[in-house]
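Read through the structures below before going on.
What follows is subunit A paired twice: with subunit B in the first complex and subunit C in the second.
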Partner chain A sequence: MSGSLIIPGDSLPIDSRDSEIKTTIGPGIYKNPQTQSIIPTNAGVINVQQNKAKTTQLVYVESNSKRYIPQTNDFVIGIVTGVVGEAYKVLLQDFSTAVLLSMMAFPNATKKNRPNLKIGQAVYARVSQAIPEIETELECIDPTTGKEGGFGLLDESGYIFTVNLNFARELLFNPNSIFLEKLASRCKFEIAIGINGKVWIKCGEGIKLEKETSEEEGKTPRENTRDLKSTLAAARYLTKCQKISVESLDQVLDEAFKNV
Partner chain B sequence: MSKNIEVSTNEKTYFLEALKSGIRLDSRAFDEIRQPEITLSKKEYGYVELDWGTTKLAVRVSAEIRKPYEDRPFEGLFMINCEISSMSWPHFDNQKNSNDEVLIARIIEKAIRRSNSLDLESLCIIAGEKVWCITVDLNFLNYDGNFIDAGCFGVMLALHHFKKPDISIVNGGEDIIVHDVNERQPVPLSVLHVPVCLTYSFYNPGNKESNLKGEDDDEIYLLDANLLEEQNREGSIVITLNKNRELIQLSKNGGIPINANVLLELSFKSMKIVDRLTEKIKEVIKKHEAERYEELNLRLLEVGADR
Partner chain C sequence: MTFQVRTSLLENVDGSAELQIGNTKVITSVTGPIEPKARQDLPNQASLEIVIRPAVDLASTREKLLEDKLRSLLQSIIVRYKYPRQLIQIVVQFLVSDTSSEGEIDYTSNELNAAINCCYFALIDAGVALSASFASLSISLNDGKATYNPSLVDLNKSDSHHVICFNIVKGKADKILLLESQGDIEEEELFTMISNAVSECEVIHQQQRKFIKEKVDNDYVWKQ
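And then the complex of A and B:
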């Protein structure tokens, strides 16, 4: 039954009372605490995955939405907007409530050795706590190793843009996704995808600020703008990818990289 | 909830660095406007939806018969209601009008109403007694910068699209009959000229101090800024022109100083764009009229066949 459309109020294509199969519910599914019955709450494509022994199953609705609601263990990109006490206020989406990123939630951080983030800078972080009633918290440590693990400040030589939430999930979770593969045929890039719909991308060296380039005399300004142009072209390409069919992918890629 | 957007340092540095190398983030040229996409209502007169890039707006024109002002008995009434709701952008408040909103509404009104682009005397029915009152409701649906240019273009388009019902005066000027649009062909408004607003945003890539002193004048100007560009601009100017090469309005509210030569240069540059936009209005309306006429003819033919 996976892959069919479902809207709120439909009955789910599974038998939830069947005690033989243990059901795990994902996004878009609601369990009524009184009756223990489960119903879909989002419109989208239903996904039911059973394991081979048919003892457990996973049910969720794949849908597109604009508002991001933080969930524990999500990887997000946030913009630092302020400091409250010992924590940074971080915005995950425009016009949303700011979430907290404690200064202690960085690797090797102590009271004396604090991270130094400025307002407007972007961080890649993991949602460590998301309970609707209290403030959501982020952290920049990999919980399994206690090390950096790719989290932390995203440097300013990369460009940040926003995409739809389902496209961000597609880029991050779908191993067969062809969008980034196609892009890799054109240029060398570094990318960070936040599940909150923000994408940070840097082609080659990205941009170099003037003070850095003056120290480094070897590079000509033209080489600098080439990286800048290809970063912007990559961002343009990915933004367009949200709305096109697979057949026109090459054409869109060519169009985006026309002037590079 | 934060009522404003946060522009990350990354976006800002990219934007400014790109400007210095002569490119815009959406790969437009510096003096290139976003292509307007126009939807004209087929069923009624005077309803227009406009997509200016991702800036969206809806305009409705309506007419009613009212008593004129006592000091101007021969002139009809013309009003523009500019509604900027928080639907277009949460930053705009529904209840109270912020300075930006008042400014947008006033500039549009000044460009169109106060430049006499609508012939008010042709709206007179009986002097001192009855005149047409034309009301334009301008609703902004989505904000991605440049409400002024889009709003002005949308209102002018709607005024061209609108037709008021035909009237006849009977009993020696005592009574008037308003004819239904199906009974008699409605009459278009007489639009005297088409004002076009163009907004230029200014950026100063160099030192702020030396710019204020007037030592360097290498400001960068962008036509038709989008949201990100509008958020980062250091000054802007609205130039309103029409096809007859008349300068209707210049509005520069603070911001960095610009050179007089730049102003002249921008005005001359604007003329081409004004011509193109005016031509676009005429062209779209003409095509729409032709379609409408064809539809009407078809209906007449059907009646004939029934007999």
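And then the complex of A and C:
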């Protein structure tokens, strides 16, 4: 990967005493409250972005880790694990502290009109508050419109699998990423990417229970099996993408979709 | 001074490393930040849980002693204020270590040294915030002659043996984080040994950097 490596103890390639430039620090950078010095705390690739007028700059370390730490405005996929008072307890990652999803944090929700989520269901949500000292909160409302905006319950015909955190960021943030583009050449799909490393994917009608299938008209069981197979193949493909270089991408795609 | 290291070899923890220096082989796992038990909960910083397991037999006071030394070192190097009310769990399992036979003196220096160096890689792998890098070195002195990473035979022959750990800032050894000494030693000898260890730790740091570069490249293998 291009870009220069930085490890804890190194000096940042910026002049932090230069008061002309306003510096914003991102992941992997820490400001010591006592000395006011800015230091890198993680090992990874350093990124420095300056705006054209050279008045502001952004510094962060891009690195892979397995543990997800919620940050405000992250889009995440969580599993409902319980109810406390007027909020759901949502798990973003195994063995991590459960976060809160208020029942009022849904569009059109009132005291009387509550969302009906069951334990075990998955939701796509935005982190509305992430202060380390207190409990993290999620919401399922698009803050700009006040509407649903794609958040809310993820339907059960999709398949949830986990990817590395750095790969999840690539899929969600990089508009030029070729992984999903390649996948689109094979099947029609709906996808929700959580920055906490969970991905929900559904190809065609997705994975249907047998009971639902028989009720549905116009769809033959064969078509349903194909949707199921391609959903699993897509998940297999994306999981494998993390471990290969871009050159062998076509081969991996072929392998994953071999029996579909 | 050479060591072999592998990282991310354990699937179910956040970071792990396996390290071999001389006759000592150790595997370390790091889990965290995770939710602590109520008694471990610190209101404004992360608490550390360190467990050391020996290669043979059960953990005894000897391992507790190593745990305490490791804790005092890691406490100062991990940016604990970044993870309030959280727990970082570190488990050090020795796989192979020199064991003294009955009646001989039991040394812990090589094990402490391996544990410290292995913890560094495991913490880097886990992405736990560190305020600086660190590297440690095990030394034995015999008639003023230093042997780095001594074997059990070297330790038995030596006048004194030491473990020294520096924190590394900007590629240079900065402060002594830990110095464990045992045996007869003159003050002057000790100072010479410390100043020689500086360059030696910087060499280790170069190897650490090389290894981390490979690891990061591997993490981003899919990047164009």
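Here is the rule we go by: the second predicted complex is superposed on the first by the 257 of 260 C-alpha atoms of A that agree within 3 Å, B and C clash if a C-alpha of one lies under 4 Å from a C-alpha of the other, contacts with A are read in each partner's own complex, and residues count from 1 in each chain.
We take it that contacts are C-beta pairs under 8 Å (C-beta built on N, C-alpha and C of every residue); 3 or more make two chains touch, one makes a residue touch a chain.
Every value quoted in this text rests on a predicted model; they were computed, and no experiment measured them.
Visitor: So, does A:F151 touch the first partner subunit B, the second partner subunit C, both, or neither?
Guide: neither
Visitor: If we overlay the two complexes on their shared chain A, which of subunit B and subunit C does A:I79 touch? Say first, second, both or neither.
Guide: In the superposition, A:I79 contacts subunit B only.
Visitor: Does subunit B (first) or subunit C (second) touch A:F106, or do both, or does neither?
Guide: Neither partner.
Visitor: In the superposed arrangement, does A:L232 touch subunit B (first), subunit C (second), both or neither?
Guide: first
Visitor: Report for A:F95: first if it touches subunit B alone, second if subunit C alone, otherwise both or neither.
Guide: Both subunit B and subunit C are touched by A:F95.
Visitor: Does the superposition put A:A122 against subunit B (first), subunit C (second), both, or neither?
Guide: A:A122: touches subunit B, not subunit C.
Visitor: For A:I207 in the superposed arrangement: first (subunit B), second (subunit C), both or neither?
Guide: first
Visitor: Which partner, once the models are overlaid, touches more of subunit A's residues, subunit C or subunit B?
Guide: Between subunit B and subunit C, C touches the greater number of residues in subunit A.
Visitor: Could you list which residues of subunit A make contact with subunit B in one structure and with subunit C in the other?
Guide: Comparing the two interfaces on subunit A, one with subunit B and one with subunit C, the shared residues are 95-97.
Visitor: If you look only at subunit C, which of its residues touch subunit A in the complex?
Guide: The contact residues of subunit C facing subunit A are 13-15, 31-35, 43-44, 79, 81-86, 124, 126-127, 129-133, 167-171, 174, 208-209, 212-213, 215-217, 219-224.
Visitor: Report the residues of subunit A in contact with subunit C in the complex, numbered from low to high.
Guide: Within the complex, subunit A contacts subunit C at residues 1, 5, 7-11, 28, 30, 32-33, 39, 41-45, 63-67, 69, 95-97, 132-133, 164, 166-167, 170, 178-179, 241-246.
Visitor: Considering the complex alone, what residue numbers of subunit A touch subunit B?
Guide: 79, 81, 91, 94-98, 118, 120-122, 154, 156, 158-161, 200, 207, 209, 221, 225, 228-229, 231-232, 236, 259
Visitor: Which part of subunit B faces subunit A closely enough to touch in the complex?
Guide: For this pair, the touching residues of subunit B are 1-3, 5-14, 17-18, 21, 23, 25-27, 90.
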